[in-house]
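Same chain, two partners: chain A is paired with chain B first, then with chain C.
Right, the complex of A and B next:
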């Protein structure tokens, strides 16, 4: 199976972070790698999918660290918030790219302007974090909620932009509008990225929740997202990658399926191994 | 392109979303066991569902009408139907399935119908089901929330010249973000306007106003940079 050869290598990369760096490192590593991948929309879809998985895992990690203190509204709320911001941020990102393209022509570095949308959404996330955590306003009293919401806004935007880039093969406003937004694909992307962010912690939370196990669920859901995006790419079959889009899409489907299968099997095995020794713990953590 | 009109529509949508959330009877997990008043799900799910239904009706009407009031009110009707059916079916399940009386846990006498509440409340519980006052409150909340979502959609569609899908999904994104911030303000559960938590409303309105303003500015930025014109 020569076709499967490529994706398997990628899959090892994706699996590499099941031995996770700590929360701070993961944010920086995932943010930088996915931002770099974002700058080059000409890359094969599989590489962009790796960036997408990293961004979603980063988002999931932020969801985990903010909602472990108890949000009161359930874990999904903050994941949906992240992608709600992600959509607005991604629209700003592609608008910035098209502005740069119209000013300086179609240079290689034009897509880097999309990072402006990421930063702006980080600011909005920071403001909403401050508003929700400030004692005189909403007063949620969650440590580092400001940082968490900033990261969520940024991760959501990067994830959305990478999905645009996978499906449309470009970050130009008109192309994205034509190939990823007006046909309604954006709704699928929205809800599946939400799932990849909030579902892992929502499903795994409990007394013996363990970060690597939660993380592997996120990678698994991202795998499913990659399968769907792959089918879309193969069907729409137009990326800027040299070889025809069909190959790109099929590779992405295989990559997503392999990631999903490996992570799912691993997750179930982990659950079996860890389920026998669950012990009770104290109350939900709050700051004094 | 009218930046002011876009900002007004987005801020109005966000603030109405926040107000709508405060009026819905949201029970959360305790309501799933019948031990708290409200529909047994989270604020986000209820408001998201209501807003989506509102957007469906509003976007259908927007295909043949340019009247801002007609489009927004049709959004209200969509959310209204969704919330009405949800609360009714939840009550049917509570009454005929679980066998509990819909009763408010926060007030002793229903402020609208003057029905006594306290005598029907199970001790140690926080109310059950969706009582009349919460039902009416929820209907008003859905009306306002749906109106907010639809007016935001209308603003994005006609003033920002977004394409239909893009306007819908962007309106949904901004609406949901505001609804979630409002949900954090009430700590996840609320009965309706009779709940003491409703007094926290101004804080959420201010927060949502600020966040909607920022989102509105970003929308204006998209319109300017993306070169969207009618």
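Right, the complex of A and C next:
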């Protein structure tokens, strides 16, 4: 178990590597782009993976926003909570898609019904945030908790739906159940997306945490997720070694591996440069 | 006794043995990487001025972390098995991939946390970083390998013992996920004898705690020289690790044993008649409750006896 580093002083330094969108812009940009990608399940897996990375980075930003006041052990819990929302919301979303398909037939716009699940989880997140923060109910008084929980619910749901879409190639309930849930793949999707959301802030926790550095870990973990999903897509997801499935999967593996490698190397170099000092070896400071 | 039932008991005992090995190595791995309760000390030490040479493997709680490695291993093994690979090949390859993920997460956690403590003058010691990666990976590999093997055996238990109706309804990756959470949770709560309980709390009558001013000190010096986690792993391998493995093994043993005894007494085996299923479940639950009560009573008696026999801690 881990313990936090106390209240964190907000200071965004201009030096070093920075990421242009600030906290507000990122939520809107990532949310819109990944939602648009989500409603076209026929897109190649690599494009869906871009949406997935954006959704996960957005989720990580919400975890950071919610935990920044000094949450220590709670950071992983918030990430797991987000993906818990995500699984419920995604199941609601694909159920809505099946409902629409059975009512009006299979149209191009049917997958847009999945956004119903996203909105529902936004509302659920908002309600749980209000309940936790309201003075008469739980009274946790965490700044911006309502907004953070809303965003977590939405980001988690979009991330889960995109992963269903990558592995099953569709948002139809029966197809997803067959290709992503009953064979247990949902477990790896759940835990790696959790990690992409909470591991960055958990790993960079401390008074000298910096947003761009934290963000790059999220992209790195998302790259790993893409590699695993790509292996699954290439091997089993589509109709028994369908050529398109193999190509799709292999491209996703290459994309994920490149993203992971670039971000991993960049993060470790940044840390070596920004740490108090990086030494080959040395004795610890003597204290009287 | 029909051969199917004997085989079922035999596979159950193999699962118990694998669980014992898995949880032992899991506990030792968390000692090398300081992931369970000692991590709070490792995190806190620089903030109270105690710069240290420990590996800060803050991935999350051990339970989600092991769920991650084991699920990745399970998915890779499952993919290879679905392509017709032999389990002897598929399970170790899965575990190697799971450990690769483990090492990647360990590195990001250690350098990230250390960099975020810049203002407390905690440097990144490269020999600490490189020197702990292999012990973490090897101990973790043993744990992940055993858990993936357990998940494989359990998802094919019926087929292996000659009665396919008894196969576990969950797929291999899902079982690996559940077992990963379990092994992490038990390794986190049991067996940290090095500073979680003994060293830190030994100046109180029965180990009730220590003043905050001493926090962090236990990460700095050992009985001889600067303390490192490799010494802690060696220290814990004598008692803490095996003890944790035993805890997990005994849990799995009693859990499976009561189910099988229920099935056997209710004559559910070997034909799996639905009518006998309910009484099998009831008998299994009753046996489980009896075991639980017996263990609670035994524990109370043991603690009372130990306190009376050895008395309070009297100091150096």
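In the analysis below, the second predicted complex is superposed on the first by the 248 of 288 C-alpha atoms of A that agree within 3 Å, B and C clash if a C-alpha of one lies under 4 Å from a C-alpha of the other, contacts with A are read in each partner's own complex, and residues count from 1 in each chain.
The criterion applied here is as follows: a residue touches a chain if its C-beta (ideal position, glycine included) is under 8 Å from a C-beta of that chain, and two chains touch if they have at least 3 such contacts.
The structure presented is a predicted model; accordingly, all values stated were derived computationally and were not measured.
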Thinking of the overlay built on chain A, is A:177 touched by chain B (first), by chain C (second), by both, or by neither?
first
Looking at the overlay, does A:80 come into contact with chain B only (first), chain C only (second), both, or neither?
both
Once the structures are superposed on A, label A:69 by its partner contacts, choosing first (chain B), second (chain C), both or neither.
neither
State whether A:40 touches chain B only (first), chain C only (second), both chains, or neither.
neither
With both complexes overlaid on chain A, does A:213 touch chain B (first), chain C (second), both or neither?
second
Please tell me which partner, chain B or chain C, touches more residues of chain A.
C
In the superposed arrangement, does A:275 touch chain B (first), chain C (second), both or neither?
second
Partner chain in contact with A:187 - chain B first, chain C second, else both or neither:
both
Residues on chain A touched by both chain B and chain C 73, 76, 80, 182-184, 186-187, 190
Please give the residue numbers of chain A that touch chain B in the complex, ascending.
71-74, 76-78, 80-81, 83-89, 91-92, 94-96, 98-99, 102, 120-121, 123-124, 127-128, 131-132, 137-138, 140, 173, 177, 181-184, 186-187, 190
Spell out the residues on chain C that touch chain A in their complex, using ranges where they run on.
36-37, 39-40, 43-44, 47, 49-53, 58-61, 64, 67-68, 71-72, 74-76, 78-79, 82-83, 101, 104-105, 107-109, 111-127, 170-177, 188, 220, 226
Footprint of chain A on chain B - complex, ascending
28, 42-45, 48, 163-166, 169-170, 172-177, 180-181, 183-185, 187-189, 203-204, 206-207, 210-211, 214-215, 218-219, 221-227
For chain A, which residues count as touching chain C in their complex?
1-3, 5-6, 73, 75-76, 79-80, 182-188, 190-192, 194-195, 198-200, 202-209, 213-214, 217, 220-221, 224, 228, 231-232, 235-236, 260, 264, 267-268, 270-272, 274-285, 287
